[in-house]
Every structure is written in C-alpha cells, then in structure tokens.
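There are structures below to look over.
One chain, subunit A, appears in both complexes that follow, with subunit B as partner in the first and subunit C in the second.
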Partner chain A sequence: METRVRKTGLTHKLLMFVLMIYLLIPLLATFLYAFAKEWQTTVLPERWTVGWFSEMFQDIRFLDALWTSLYLCSISVALSLVIMLPAVFIITVYLPKWESFMKGIVVLPYAVPGVVAAVGLIRAYSSGPIEIAGTAYILIGAYFIVILPYMYQGIHNSLLTVSAVELLGSAELLGATRIKAFVSVILPNIWPGVMTSTLLSFSVLFGEFVLTNMLVGGHIQTIQVYLYQRVGESGHLASAIAISYFIFILVLSMILMKLGKRMNRGIEG
Partner chain B sequence: MKWRNRWIFLGLVPFVLMVVAFQFAPILSMITGSVRAEDGSGLTLSYYARVLQSAFYLKAIKNSLLISISSSIIGIIVGLICAYSITRFSPRIRNRLLMLSNMTSNFSGVPLAFSYIILLGNNGVFTLLFKQWGWNVFGDFNLYSWTGLILVYVYFQIPLALLLLYPSFYGIRDQWKEAASLLGANKWQFWTTIGIPVLTPAVFGTLGILFANAMGAYATAYALVGGNYNLLAVQIGSLVSGDVVNEPQLGNVLAVILALSTLLAVYLNHKMTQRSQMFNSNSASRQVRKRRTLRRPWATTVKEEL
Partner chain C sequence: MSAYLELQGIRKQFGNTNVLNHVDLQIREGELVTLLGPSGCGKSTLLRCIAGLTEIDGGQILLEQKDIVNLAPRNREIGMVFQSYALFPNLTVSENIQYGMKMRGASKGERRNRSEELLALIDLEDKRDAYPQHLSGGQQQRVALARSLAIQPKVLLLDEPLSALDAKIRKNLRTEIRDIQKKFNMTTIFVTHDQEEALILSDRVCLMNKGSIVQQGTPEELYTTPRTEFVARFMGSYNVLTKPEVLRLFERVDSTAESFAIRPESFILLNEEGRNEALYAGKRIVDGNVHAVSILGNIIRYEIDAAGVRLTIDVLNDGRSHRIGDRGAVSLALDDSQLLHLEKEGA
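The block that comes next holds the complex of A and B.
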C-alpha cells in the first residue's frame, strides 16, 4: 500500500492541486476583492482597505437584513425542534412500521425544488381561508419544510444510536413516567445529535434565497435578498457581505464538526 | 401499545398539520392550478397545450435540460476521477481534502454567481487582466451566456459529485483487489469485472441527484443572467412573481413539468441506492457505515443548491 501511494503520488497530487485551485479561486477572489481599494489590471490588488467592512457595518439596511435573517431562521428552527422532537420520537419508538413512509415524506423537499414549492405556496395561500401570502408566516412554514430532511435524519439517527427503545424500557422499569423518561433520559442523550442538525438547518436557512425572494422578497429582506440587491450597486461592498456571510457559515460548520466528534466520543467512551 | 397510551399520538398532530399545510397543499394547489380553467369551472388542458405549442417555453425546457445534463455529466466525470484520486491519499490528507471541497459547497447561489462576475464578468479581474496581457483565451467568452452558465453550474456540481461518489470508491476494499489478483486477474480485469459494476449504481444515482440539483437551481442563474437567459426555473419565477406579464397558470404548468423531471431523477437515485446496498447488504458492513456517517455528520449531509 505504502509503495503504491508513493508511486502514483505525483499525478494524484497534481490533480488534487488543480481541483483545489479551481474550487478555491472564486472564494479567494471574493476575499481579495472585499479588501481591495482598487483592483483593475494587476494580478493582486494595488491598494488595500478595510473600508468596505466598516461601510457594511454602518449600513442600516445591512444590519436590518442581518437581524431579519437571524430572527426568521431562529424562529423556524425553534418551531421545527418543538414539532419534530416529539414526532420523530413517537415514530421511531412506537411506529417503526411507518419509517419507510416517513422516508418518502422526508425526501420530498429534496425532489421538489424551491422554485416549484414557491409556486404552489403562493397559489395555495394568496386567497381562500388562510391568506398569509407575503407574510412571515408563509415563509416560516416553507422554511419548516426546507429543513425537514435534516431535522428528521438528525433526530432519527441519534435516537437509533442511543438505542432509545431500550433506554425508555429501562427508565420505565425504574418507575419513570413516559414524559419524564423522554425529558430526563432520552433528551439529554440525543442532545448533541439534535444540536448538530439544528445548526445545520440554521446554516441551510441562512443561505436560502429562492423561497425568500419569491414569497416575501418585496416585504422582508433577509441577508441573501439584500446581497442580491447590493450586487448591482457596489462590487466591493457586496464581496465584503459575501465574505462575512461565508465566514459565519464556516464558523457554524466548525462548531458542527466539533459537536459531531464529541457525540462520537460520548458513544464510544 | 395499550389503549390508555393512545394520547401519546397527539404529539404527531402538529407535525402532520405542518406537512399537510406546507408540503402537500402547495403541491396539490399547483397541480389543480395547472388544469383548472380561468373562470374556475371544469378541467382544462389548454395551458399545457399552450406551453407545448410555444416555441419560447419549449426553448426554456430544452435549455434547462441541456444545461442540467451537460453540467451533471461533466460533474460526474470530474467527480469520478477526483474521488478515485482522493482514495490514494493518506487518511489525514484525505479528510482535509474532503473538508475543503465540502466547505466550497457552502459557497453557492447568489454569492457564487457574484464571485464569478468579479472574476470573469464584463469588468472582471481576469477579463481585464487577460485583455491587458493580450491573451485571447477569453476573447469571445461571455459569462452571461450558455458557456458561462455551464462553468458556474459545474462549479457547484463537482463538490456534490465528489461527496456522493467518494463513499462508494471507499467501499471497494483493498482485500477485493488482493483476492482478485490472487485469482489471477490483472488491474484491467479487476475494474471491468468488479470495480465498474460495483460503482455503476452509485454513478447513476449521483447523476440523478446532480440533474435534479441543476434543474432546480434558481438562485445562481437568477443572480447571474437575470431574465436574459431562457431557463425553466427562471421563467417560472418571473411568471409567478410578476416580473413580466402575470400568468400564474402557465407558471403552474411549467412548475409541474419541472417537478416531474426532478421527481424522476430523485426516484432514479432511490432505485440506484437500493441496488448499491446489495453490495454491502450484510449487517456488519452496515454497522460500520452507520458509525462512519456518525463520525462525520457534516460530510454526509448533502446540501443542495437552492
């Protein structure tokens, strides 16, 4: 194995090098552009500045959009947690027969692209008994469906890994009521896994553009909609926003990874 | 389940309500909207007929199909080569490479289109730089056209392809190679009789996901070309949100067509996943896989381009 790795190394190293360059160049360019004062006909920018970032943080519209994004994403994820935790628990523990049916439901948001979902949502809720088109409510509902696969998978997998059925059995044997067993035995055990899917869902929603723009684009500005509007105005400012957004997502995924590791250690140890 | 514990199923009620209200109701509404006559009486297929007779919308469907198929095929070829290449590295570097590639898949939609505009747009850094150096490689390259779109689509397809294909390459054990060579097979024979048949379901399954991903991609195209390029997803958006003439019925028809294509692609993936499970159907390897998915939850979740 060792010799083979060394023998074929150069071609593969070159290949991976090219791939990484290809994947990282757009990121790098945006990063440099955000710090460049002028960048026209040179390989690297001639003069640097952090002015775009300070301009960004002084922009009321940016702060508003950031706040709206955080606010909407948190509400949607919290709502999803409150609804999904008991539902997935009940299905996994008491209705294992329904699991394949659930898998079908959970894969639907993948198969129905955002633009299609938006068409249906607008038609269903712009008239009739529930008229919520253009409000935050319809967006939160749409967000709930977007993160459904991540939440279901995350909670379901954690329940399976901690052997929830057996745990519950032992807790009940020791005299705990069902609710007490769920809250004080199951919940603390699956918490790291639930946290992981929560953060993942949050980062997915933070990057959501289609549904937001089509459902409430005119009324509610999230960070993505704001970025879209800014692209035409100032390239440097827009790259500063894009980079800050990307770093935020990166930090989130770093936390995700740490949590994943810790959860794994918890199970092994 | 004893009868007195039936109340526990009340916990399912909010979940069912949300799924019905925001998943099934919109799909149903879209389908009925595409076949209901404007005055609200009776069924009609006239909107479908109008779409299928309109050169403009047929062109949009054709463009979307072409761009999705070509970007998926390029993505899968690059993904296959790179996934194989990655297995040749030591585990530490392998994880780093996968992490980097996964990281770039967060960079999608509006920010991605924007960074390509910085690089290769009309006043892009590379465009100006190459003009000054007198290079003519990008002479007639236009980011806001077919080639530009392909370039950007391929960018978000590759990390996804890599992420989905890598596990199946990993599944080809070194022991299999050793066993095959003990039985007298050379490298070529190993790949044609064992390697490729094992990989085929994964390749087609991944192709399905990539295709659905590209068909549904709206943000990137919208931010890059706006209404200037005739794509299915962009047309649906403008028909419904009323950028141009407001004709929601046609939007419903186009949305049904788009949904059918992506559903078909995801169904293909589903079938292929079932088939590839055939190769590691014994419970031991399934256990191993479960552990592995746990160890890297961030690497196994596929984030689609929205």
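The block that comes next holds the complex of A and C.
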C-alpha cells in the first residue's frame, strides 16, 4: 500500500516535471536568445551580449510604444473604474433586478470575436457625428468593453462577499450618509477585490494585439504592435522585448496574487 | 399608557406579492415585542420598514407620536442588529462600537468612554483591538448589540440575531439580551421563527402569517388560547381536530366551530387501576393504542390512536409517569374543558 502511494507520488512529480519543462523550455530559449550574440550550431549560445536589451532601451520607438501602452491601458482601466465602480455598486445594492441584464451585457466581449468587433467599430466610427476611427479614443472605448467582464465580475463579487447591502444599511442606521457609508465602510472592504480586477484588466489590455492592430495599428504603436513589427527585423531583439514584457507582466501578477491572498485572509479570518 | 412606537396600516408589495397587509402594532416604552412567524411571513420586511431600509407603500410609523416614514434611516434614532451581524470588517471591535457615535459628532473622549462601558457590559474588554473576523459568532453578536446600543437608540430592532449560533450559545445570549434590554429599558422588537425563543424572551408576542399579525398577546395568552388553526399549530404540538374527530372522542360538543385544538399535555394516560380513581371523575375515558413513543428529554411524547383519531400526548418524564412500550394498549382521560374552539383563518 505504502509502495503504491510512493509510486503515485513519484508519477505526479514526474508529470509535473514534464509539464514544467514543456512550459519553461520556450521561455528559457527566448531568454537565452535574448542574450545570445552568436548561436547557431551549439546547444548553448557561443557568445553572450546585453546588446539587444541596450538596443531596445535606446530605441525611441520602443520607449514610445511602452509609454503609449502604459497610458492607453491606464486611462482605459481608470475610466472603467470610475464608471463601473459606482454603476456596479448601485446595481448590486439598489437595483438588483438589473443584474441579469448586466450579466448579459458583460459577456458580450466573449461572444463577439476581436476581428468582428474591430470591423464593426471601424465602420460605425469612420463617419457620422463621432468620427474617431484610427484615434486613441476608439481604442480606449474598445478597451473599456474588453475589460468589462473582469471589472464587473470583480467588483460585483467583492460587494457580494462583504454583504454590501447589510453593511450599508448598518452604517446608515448608525448615522452615516450613503456617500459616507460607501467611502468609510464599503470601499475599504471591497478595495482588494477592486485592485485585483484592475490589475487583471491592465494585464489583459497590455497583452491585447488583435483589436489594437486592426483599430489603430497604422497610427498608434502599442508595445504589442511594436513587438509584431520588430519580430521580422531581428529575432534577438524580439526575444529581448518578449522577455522584458514577460518580466513586467510577472511583476504585475505577483502584486495581484499578493492582493488576492490579503483579501482571502480578511474573509477567512 | 400611549404607544411609544405605533405602526398604522403598514403596506408593502414586492411585484404583485403583498408582503405586508395593513399591519397595525402598538408598542409601549421599554417593552420587548417579538415578531414570530414562518419564513416569508413578512416579519423581517416589517423590521426593515421600521428601520427605513425598505420603503413602505402605505401607512404610518409613529415614534413618540411623530411620523418617521419620510426620515432617512440615520435620522430615525433606531438601532438594528442584523442576522449576519454586519460588523465592519475593516474596523476593530472598538472602532465598530464607536462608528455610530463618530457619525453623530461625539468627541473622541466621549466615544472612548462609552465604548469601554459597552465592552465591559458585553464582557469583551480584551477584544477591543481585534477585528470582527477573529471573533466567534457569539462574540460578533455581542459586538453588534453593543454597537447598536452605543448610539442610544429609541428603539432597538433585532433581526433573528441568534439564528446563526449553536444551541448552547443561543440560550446564553438570549438571557444576556433580555438582561441588557431590561437594564436600559430599551423598547425592542425581536424577530424570530423560533416559538420557544419568542415565549422565553418576550413581554408580548405577535404571530405573523402571510404579511399580517394573526394574533398577539403575552407568551402565556398566545400559548394557552390560540385563536386559529395556524396559531395552534405554530405555537406548539397542539392536536388540531375536526368536528367529526371531536365527536368521536367526546361524543358531544356544544359549539358551532369546525375545528378544535387540545394541548398535548392536557391528556392523562391511565393504567388499569387509574381508570377507577376519583381523580378522573367527570372525565371521559377513551381506549387507544400507542403508535410511537419518543423521548424529548424531560418529556415523553406519545403518538396514540384513540377512537380512530391520531393524538399527540406529552407526559412529564419524571420516572413516576405511566410508561408504555411501543404498540401497547392504553386508556386516556379526556377533559372537554381543555378543548379550544378555533376560528376560521382570516375570520
């Protein structure tokens, strides 16, 4: 019996090892390629360099693309937060009948493929009163829609987890105005959940390519569009960009996980 | 004495469902009134209407003769303890208790003193800096009670405050709640679906069904004189009998009522010798068979078939009672003065 358990444990470990190898080898290869100066007939690179990173950071287009991605994603997420936080709060607490309607709306980004959405948006906003096709505005609008499910679900779940309706009622009975109750009781309790949704949305937008390339690819260069363009020029440089991007997302994910853990600690007690 | 809190014709609908049907209720200052009833009878909704957390569709709520219907919850001077306690997880026990005073502009010193007094009252002085999620259910409940009392409300509302606790803690806490209520002479409305809790705690019990108060009175009145079949069934293990069933047991009955109730403890189980005892003179003796026996601690509950009627009979489990095994034959002494004549529902 003991031998059987030990065998099962070994099988699990072996499977995990194979899986990790499968997942990490491409990443490791990209990592090595990003630091390789010459690598053709050997297992490991013959000569090493940080030149590709240096070239990348010296390339004004990379920094521009990085900045563009950062501000477009930040504006979109901030806009979503400003609109969605009060909207979801009002729907959850005061208009629960609208919840099913909202749930239908927020799954739309999953239902419509990126290419279809992009073509539809370009057609709708190429002419007429709101002529914003090819500008940052259309991209921010599209980004808002893309992250709608993450923002809605995150905020909504946080409100349900903390029993926002009862907390609000309790605070009001103790003498708080609705706004004061929201700021002093609801917001601090849902904040970890809101932060998690925000960071998740940011990560999703930072990696978004299809919609961005189709909507504003010729006019605005985000980090993903830049990466796509440089892949053809130099594999080493593209690897350096991919690794930098990966590290950035890794740091973001770690912050996200830390926040998630803190939130769970609060709930579990 | 005039009513301290008065509800006049309170109406509330959710969609097409009438949740509250013209509810009238008068509560004296310092009285503890229990709203008792099954799930969905409207008792919690009525409590939320009084608190101002749910708008009413019609009627008046008078507190000290002033209509408070149009006042926001924060201006009603009403405290409420929720079923889930609704303590603020981001604040410590002490901060939770002080929250209401802070919102009402009390000074820091005043808040601290009052908080310490209340922490002593609920015996949680050592938990002042703990967060709610680190307290047990019973401790959270006591903090919720202290937080409501901190603002010195005119009326305290308790919405099934003990339902999430285990039986032992529930028993202790209900005694504590009653003691604190008496100490502060706090006008209190207590919502529960547990009839035992209602009978033990209350000055007055209001039994609700389908959005109306169907009967109210002291715990004893409600238990001993149920007016309708619903009340009889809800308040205890009353035997509710139809007229033909009563005629089979008592031979004759002078009433136009169609249904009757008789308490399970008002029967006397007899052995052979007992049949002739003078104690049972004037009582009707009926033979029956035991269908089932269950021991409820200090009570033995028999299910007995007598004259074709299934009766529930409670006998004190004092070791002296006539013990009958399963399926045994038995005689019952019936007293028709114990028979309650029930009104039709809604009459």
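Methods note: the second predicted complex is superposed on the first by the 261 of 269 C-alpha atoms of A that agree within 3 Å, B and C clash if a C-alpha of one lies under 4 Å from a C-alpha of the other, contacts with A are read in each partner's own complex, and residues count from 1 in each chain.
The definition used in the following text is that a contact is a pair of C-beta atoms (placed from the backbone, for glycine too) under 8 Å apart; a residue touches a chain by one contact, two chains touch by 3 or more.
In this text the structure is predicted, and so the values were computed from the model without any measurement.
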| item | value |
| --- | --- |
| When subunit B and subunit C are modelled together on subunit A, clash or fit | fit |
| Subunit A residues touched - subunit C or subunit B, whichever exceeds | B |
| For subunit A as apex, the angle formed with subunit B and subunit C - C-alpha centres, to the nearest 10 degrees | 90 |
| First (subunit B), second (subunit C), both or neither touched by A:121 | first |
| Touched partner set for A:65, first subunit B, second subunit C, both or neither | neither |
| Touched partner set for A:39, first subunit B, second subunit C, both or neither | first |
| Which superposed partner A:84 touches (first subunit B, second subunit C, both, neither) | first |
| Contacts of A:188 with subunit B and subunit C, given as first, second, both or neither | second |
| Which superposed partner A:175 touches (first subunit B, second subunit C, both, neither) | second |
| First (subunit B), second (subunit C), both or neither touched by A:162 | second |
| Lowest inter-chain C-alpha distance for subunit C and subunit B in the superposed arrangement, angstrom | 6 |
| Contacts on subunit A seen with subunit B and repeated with subunit C across the two complexes | 267 |
| Complex contacts: residues of subunit A adjacent to subunit C | 162-163, 166-167, 169-177, 180, 185, 188-189, 266-269 |
| Sites on subunit C touched by subunit A in the complex | 48, 51-53, 72-74, 76, 78-80, 82, 84, 86, 88-90, 99-100, 103-104, 131, 133-134, 147-148, 151 |
| Residues of subunit B defined as touching subunit A within the complex | 1, 5, 8-9, 11-12, 14-15, 18-19, 21-23, 25-30, 33, 78, 81-82, 85-86, 88-90, 97, 100-101, 103-104, 106-112, 114-119, 125, 128-129, 132, 155, 158-159, 174, 212, 215-219, 222-223, 233, 236-237, 240-241, 248, 251-252, 255, 258-259, 262-263, 265-267, 270, 290, 293-298, 301, 303-304, 306 |
| Subunit A residues within the subunit B interface of the complex | 1, 4-5, 8-9, 11-12, 15-16, 19-20, 22-27, 29-30, 33, 39-43, 82-84, 86-87, 89-91, 94, 105, 107-124, 130, 141-142, 144-146, 148, 150, 153-154, 157, 160-161, 178, 193, 196-197, 200, 203-204, 207-211, 213-214, 217, 224, 227-228, 231, 235, 238-239, 242, 245-246, 249-250, 253, 256-257, 260-261, 263-264, 267 |
